[in-house]
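Pasting the structures in now, so scroll down.
The same subunit A turns up in both complexes below, where it pairs with subunit B and then with subunit C.
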Partner chain A sequence: MSENGPADAWDRLRALPMGTLVELTTADGARWRGAVVPPHEMSGDRVLQLKLPTGYNVGVRVGPTDQVTIVEAAPLNGNGGSTPSKTRPSSATGPWIGLLTTGGTIASRVDYRTGGVRPVREESEILGFYPDLERDGPVRVVPVFDRLSEEIGPPDWEEMARRTVDTFSKGASGVVVAHGTDTLAYTSAALSFLLEDLPGPVVLVGAQRSPDRPSSDGFTNLTAAVTLARHPELAEVVVVMHDGLSDDRFAIHRGTRVRKMHSSRRDAFRSRNGPPIGWIEGSTVHLVHPFRPRSTGSPRYTGPMGTGATILWFHPGLEPSRAEAFVAGARGVVIAGTGLGHVALSHLGWIKSAVARGTTVVMTTQCLEGVADPFVYATGRELARAGVLYAGDMLPETAYVKLLWALGRSDDPHAVAELMKTPKAGETEGRHEAEDHP
Partner chain B sequence: MKAGLEVHQQLSTGKLFCDCPAELSETVTRTVERRLRATGGENHAIDAAAAFQASRNLTYIYEATPTSCLVELDEEPPNALDPAALDVALTMALLLGARPLDEVEVMRKIVVDGSNTSGFQRTALVAVDGHVDVDGRSYSIPTICLEEDAARKVGESKDGIRYRLDRLGIPLIEIATGPEISNGAEARAVAEEIGMLLRATGKVRRGIGTIREDVNVSTEGGARVEVKGVQELRKIHQYVDTEVARQVALLAVREKLTARRARVPDDEPADTTHLLRGSATGPLGDAAAHGGVVLGIGLPGFGGLLAPPGESRERLGRELADRARAAGVRGLFHSDEVPSQGIDGEVVSSLRRLLGVPATDDAFVLVGAPKAGTAHRALHEVRTRAREALAGIPSETRDPLPDGRTRYSRPLPGRDRMYPETDVPPVPVDPARLRALRAGLPERPREARARLVERYALSENTALALQRAGEVERFESLAGRGHAAPLVAQLLAKEIPDSGGDDEPFDFPVGLLDQLLASLERGEFAKEGLGRVVAALAAGAATVPDAIGRSGLVTMSRGELEALAEQLVLQNAPMIAAKGPGAFSPLMGDLMREVRGRRDGQEVAEVLRSAVARKLSPGAT
Partner chain C sequence: MSENGPADAWDRLRALPMGTLVELTTADGARWRGAVVPPHEMSGDRVLQLKLPTGYNVGVRVGPTDQVTIVEAAPLNGNGGSTPSKTRPSSATGPWIGLLTTGGTIASRVDYRTGGVRPVREESEILGFYPDLERDGPVRVVPVFDRLSEEIGPPDWEEMARRTVDTFSKGASGVVVAHGTDTLAYTSAALSFLLEDLPGPVVLVGAQRSPDRPSSDGFTNLTAAVTLARHPELAEVVVVMHDGLSDDRFAIHRGTRVRKMHSSRRDAFRSRNGPPIGWIEGSTVHLVHPFRPRSTGSPRYTGPMGTGATILWFHPGLEPSRAEAFVAGARGVVIAGTGLGHVALSHLGWIKSAVARGTTVVMTTQCLEGVADPFVYATGRELARAGVLYAGDMLPETAYVKLLWALGRSDDPHAVAELMKTPKAGETEGRHEAEDHP
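Right, the complex of A and B next:
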């Protein structure tokens, strides 16, 4: 089947199903034969992507009068390549782990049809990707949603918390939440506040490299997370990710004290203001710092999250009017202040009015390490007198998540302030050792 | 027989996807341990070569250096494709009359042997449909690619393979010829021509390992076999010729196997450990004695064909052993090796009974390993290879060995291992860029040769030898410093390449060559000794005087030379009387043996000629 319709060659080519084998002769006489594949998102105008028989993709600029011959229709389903599939090993019996998938790099693969990332949803596909997961017992996949983590918000935290409770009540001995890494630490903080009386570990895990890459850290991270989820004593919300650049050691971070500190490294996640709770090496879990043990009660969901809180990052030159406009109408604001928790005194006015209106104002440090303390400098003392709550060594993001949680529990600013001051999930500690933490 | 080449040349433009310099380093700043696993590409199909490597389940240790960064560690996304490297690739495309693409798309080629931290090599097709002309023939150049070089393997142990990241990411231009080469000598000539063109760009790295060739060889009735990573251009013809010989020998074995109706049964391997304990020596004895296992399989009809006496050394037994080794055992033992390693007589009979191969036309294969799983895997590979022997010759990738032979490396990768590198935007090749490159194209080798002949009064052959040796630039630099052109050419195109023998010669710094020539010009040694001084420098002499000393080229004074000539003439008076001036030639040979390299040859001739003349002159006694 071959002929040239009246239409522009480019329009004809774009209408073809992906995978169609075509022969294209351009105006300068060059002849190309290959399968039509989706264009790169950054491809130029009228540039056709062809996959040559060698496997290389090439970009060919298509002129209106180029000759197009359809050599072979697109295969119905891929090109017949074998998909790695995995049936559940029969030996996988005994206590099981619930694997909640929420999207993100760890549960995704590159989709060449759209050029984007496609979530992996089916249990068989996930276990096919990660065949080592069931080495020590069964894993049941619980699809929650498919979202890149920058799209995840407080209602999603509630959903994850409820599904976690649900999974435990169905008999899981531990829960792993596979999550995008961008906002993983917000979610880990949220789950830390939203879950009480846990009967086992809730382990959040992600990947900095997608699993279609042979070097993906997802393989080893998820294996380590499942290993920890089988731990018989620990029962709190933690994050498990690479501890360094090697694939042999994984850090266990408390859910409220962890932060993504690098945009791309495998060991991007770091505990702030103290060491991780422990490490995982191979199938060995080393818990070297105090952790929350299993509860004998039933797991409880303590939501919902409130609304109307935000974070304000103070910087030199920030006009008080701009800051005031930004927080207008908010029920609570977490300020990431300079140093020990300061803003220019010119901001005192709007802060006082906000507090007077019942807005909860919380001060943290943008240093991300160390405490916010009002008593060292006069500015801090002024702010504290104005009613700003100093959050100690709580991370700004954790303070924001806790503030939302507190606003969900009470409309009374005094009650909210009490909740903010009361340690709940290891989010603040008074003692800091003189160790060096990278 | 048909052969095609892929020439890979490193560029000196800096790394392809980051801002690191394209330089090796001996400083290791940190090490990182990683594992890789095979993953599906675009079609979710797992490539055979990738699956094979991943099945070895190895740990890889990466050494970071000051010339590598987070990109090489697979810890940061790649930068955009380096425009300077792309310019060189486009320049080559224009020199080879190829058609550049409108838009260059970077692909990921799955490679899980650990040589890339990411598990894939980034590669892009830049141009198609070129050609290169050599000795009056035109060879097609179907593709010109730009890709990143792999990490450098620096060690291997049972714990894993150790790679250094300095080489990872250095740009490589890959130029592939069509399968149109008909013998080893032609292969070498084509590779040399492409090498000269690459060097003409002035943007290539020099030295050992900076240019590597893959040789694809197919024989009639055989299969495509890729010999990967030949570093010495001068050995290309050997690899082509030995590969052809291997395929021919194996095809002959196949005919015999077919005639005998040989077969490869599916029976479970049998445990032979108890039969060998106490009798076998070598690796099998070790395995049997130290808690390991020795497993065996029978191969009916293969007897005598694994290592036929007196035939080519490319035997089927070696093929089986290579596969077994690739699966992680030290090697294998087969029935054509009886008697050896203590396996003889009654033990052989017991083995044949146990393995169900009683006849001498039948073979058996034994593999020893500390763990049964490893031995099973190895025998599985052996069986696969034996089955392939019944069908013909398997398509595979082979590693070149220093002796000109090759060794099994892995299955030949297919198209399933390629998928788009989404982290790198495609690069449009705009016509203005091509116009600019076309306007500034470097001198082609033919033109350069004509210029060398014209400007330096070299012969065409000498100019060509300089180009083949990749020494035009240094030749012009040294000649520009006032050294005599013929002498510089002799040094660069003959003495230095010869000093390496069959291997790549030592990479002399240009400053040292300058000193060497200056020393020669000062008469500290004679031209005839140049080769010996070069060899001494290559062998480690620190300075030119040191090399002269080590070469035994202690200079001789004019007076000493004259005395030596006189003495020679006296000793040979009867011969001179008989032959007259014709006595000069034999005497010159004798004298040169004494003084080569210690005085200039012309001067020696002159001194000897006058001594002979004096002897013959009337009145001489």
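Right, the complex of A and C next:
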């Protein structure tokens, strides 16, 4: 339907429900087609925010004589941005996905006063950015908290895990966790250890650009995550993010084997020590590597996390006394050693003392790929003799998260060591051949 | 010339000079062709060590009736393994390369008593492993020390830098530093800052497998490094290691932008935040990106390094008091923050105190690629306001090494900050576009 009327184009546009699909032809001949999304508070007068078919948003300055065509009314089931999900018609039926929001760029926008990015506070604002999320079935938003991910810590992991169990218990067929990208991989590892007997996928997703920016990856990532969350077989904790720089391919990373490898690229997340479990292209999920299937039991929370552990990055010139001060009072420490898992032997003293005090000392490699292996060089053998646990091909971050989890389950260092050595959530595949990666 | 005699094959082989090219046909029909290299002390009786044309070594058990053919006598200019370079004929003329040996796998061998790897102690043994190194001109060995690289620290960097200057001063046209791989990239960054006005290339090289193992990459890497050290134009500190898993392509990494990214792969070294400067294929050097050319001045040592700095890996759950204890008394700290360079704001307190005490606090990203940028999120702006220096796209390790170097040049935190902000050795290319990498 076309409604080119004589009124000021801006006045007509302002009156449209969020989600209305419009075509706008400006006086200089540019033509924009997209869904109306909420304006920025600071975008100024006469700037229309449109979500383009690519998922990108654009702000267009509207002149009085611009031509406006309404292509399609806002979807009936809401989510056009002005309607919080709790007031949506309950007619949406079929299996539903729980969307846990925790803050982060995927739920942030540029603050035009400061030029920085601030979290979006309103649930309606979040859904306003992401029309079409319910294309294949209902999505229920579960606000957990609103935090930039560098502020998220172990108690928050516990909260997310409990809310995930709760959401499954209420009938969700899958759960999506929207999360800041900074510590997304720490959280995905934590949920991998904290959740057992999952009845469906737990998909963590983030965005490297806020959803109101033209280059935002939030829409495409979230759509892919919801698609995967509807998968009938997969039932483990995974991360879904862009794979490469195109908009149509997303990698499915195992929660315990993924790392943010670039501070800003959309394809920053990479599986380490093995390929992703699979990929999502459009609405098709390709699972090409083994995955954990749906459990017939009830989902279980295996927390709490322990406390008092840390990660020590060994480096040339690190004074043993400084390392010792860092680890003082800790129940556990993950060392990111060099190469196959080495430190200068001048550190043997404090390491032995720490082990003798009951501190669990875990060795990983700061290379971030390949194994930590004590049996190749004399240094490794010395450290293993001193009681250092070598973590194989576990990422330092994953080893740290697993250590916290193990410390939460036992006060006995021997039991903690056994938990560390026992594979639990795909976090290690044991010893790799040196060059078995493509 | 063929000399199949009736004597026991083993007795004949034992009498040959190191470096003799032989062909051995064993009783079971296997045929081996290669240069004789020194035996292991523990390889046992009747085991011949051969360096194959691929550069790989193999140990072959020799039966009394095996057929031995001498294909070519040991090269006249020695280096067959039994002749230390200092006693070689001085007839070798033309530009020479200084090969500084510092220990590490490239100068190690498997200790068959323990199954581990031990350093090779004898210069002759080192050269014995690497015949043909002088194919294109003389190489003079300069033993610096004999250390596994996890034991190498800032004073050793100073020693290597001084010995490099010294070697150039004695007339070398290029310098190769053979070094363990664990901390090779820290050393390459250190030499990049410690050396100025270089008259030729300084090429660091290592091996992921010891030279007596069939899969050793020592020979091919070292040959490529010597090839590059003869380059007539390049005059900066670089790392040369396998590029990919073939034996004929080597990457030339800038010394300040390289990282060991796998604990055991031969192509573990990767340039970060940009491509390698170039590649070496066979004896051809392809320099495809800008490089620092030969200086007409005299090479200068810009040390010493300062002391009292460290790297702190921020992670969820890191207690501010633990971080504060770690940094206590430090003159500088490089934080490997999350994403664009963030920490939980609960750490602002100790960071502000440290800055107030004159500690230089530098922010990098634990992603290891992309920039640390304070201007995108409120957290970054808070940290920058607190006096944290954002290091752009500098690697955490490079920022740490540069910080030590800057602390060695000034006691004034303002001067240290200026040094940190001023590009010196290609360690940063400033702000990258978010997705400008292939």
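Note that in this section the second predicted complex is superposed on the first by the 325 of 438 C-alpha atoms of A that agree within 3 Å, B and C clash if a C-alpha of one lies under 4 Å from a C-alpha of the other, contacts with A are read in each partner's own complex, and residues count from 1 in each chain.
Simple rule for what comes next: a contact is a pair of C-beta atoms (placed from the backbone, for glycine too) under 8 Å apart; a residue touches a chain by one contact, two chains touch by 3 or more.
The model shown is predicted, which means the values in this text are computed figures rather than measured ones.
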Q: Applying the touch criterion given at the start, work out whether A:R266 contacts subunit B, subunit C, both or neither, answering first, second, both or neither.
A: both
Q: Considering only touches as defined above, state whether A:L245 meets subunit B (first), subunit C (second), both or neither.
A: both
Q: Kindly classify A:A372 by the partners it touches after superposition: subunit B alone (first), subunit C alone (second), both, or neither?
A: second
Q) Who does A:G59 touch here: subunit B (first), subunit C (second), both, or neither? A) first
Q: Have a look at where A:G341 lands relative to subunit B and subunit C in the superposition and call it first, second, both or neither.
A: second
Q.
Counting residues of subunit A touched by each partner, does subunit B or subunit C come out ahead?
A. C
**Q.** Contacts of A:T220 with subunit B and subunit C, given as first, second, both or neither
**A.** first
Q. Of the two partner chains, subunit B (first) and subunit C (second), which one does A:P138 touch, if any: first, second, both, or neither?
A. neither
**Q.** subunit B and subunit C contact sites that coincide on subunit A, given as residue numbers
**A.** 115, 215, 245, 264-266
Q | Footprint of subunit A on subunit B - complex, ascending | A | 32-46, 50, 54, 70, 73-77, 99, 101-105, 107-110, 112, 117-120, 123-125, 128-129, 143, 145, 414-420, 422, 425-426, 428
Q) Which part of subunit A faces subunit B closely enough to touch in the complex? A) 30, 37, 40, 42-44, 47, 49, 52-61, 78-79, 81-84, 110, 112, 115, 209, 211-216, 219-220, 244-248, 264-266
(Q) Quick check on the complex: what are the subunit C residues that touch subunit A? (A) 114-118, 148-154, 157, 180-183, 186-187, 208, 215, 245, 260-266, 268, 305, 307, 309-319, 322, 325-326, 328, 330, 336-345, 365, 367-373, 375-381, 396-397, 400, 404, 434-435, 437
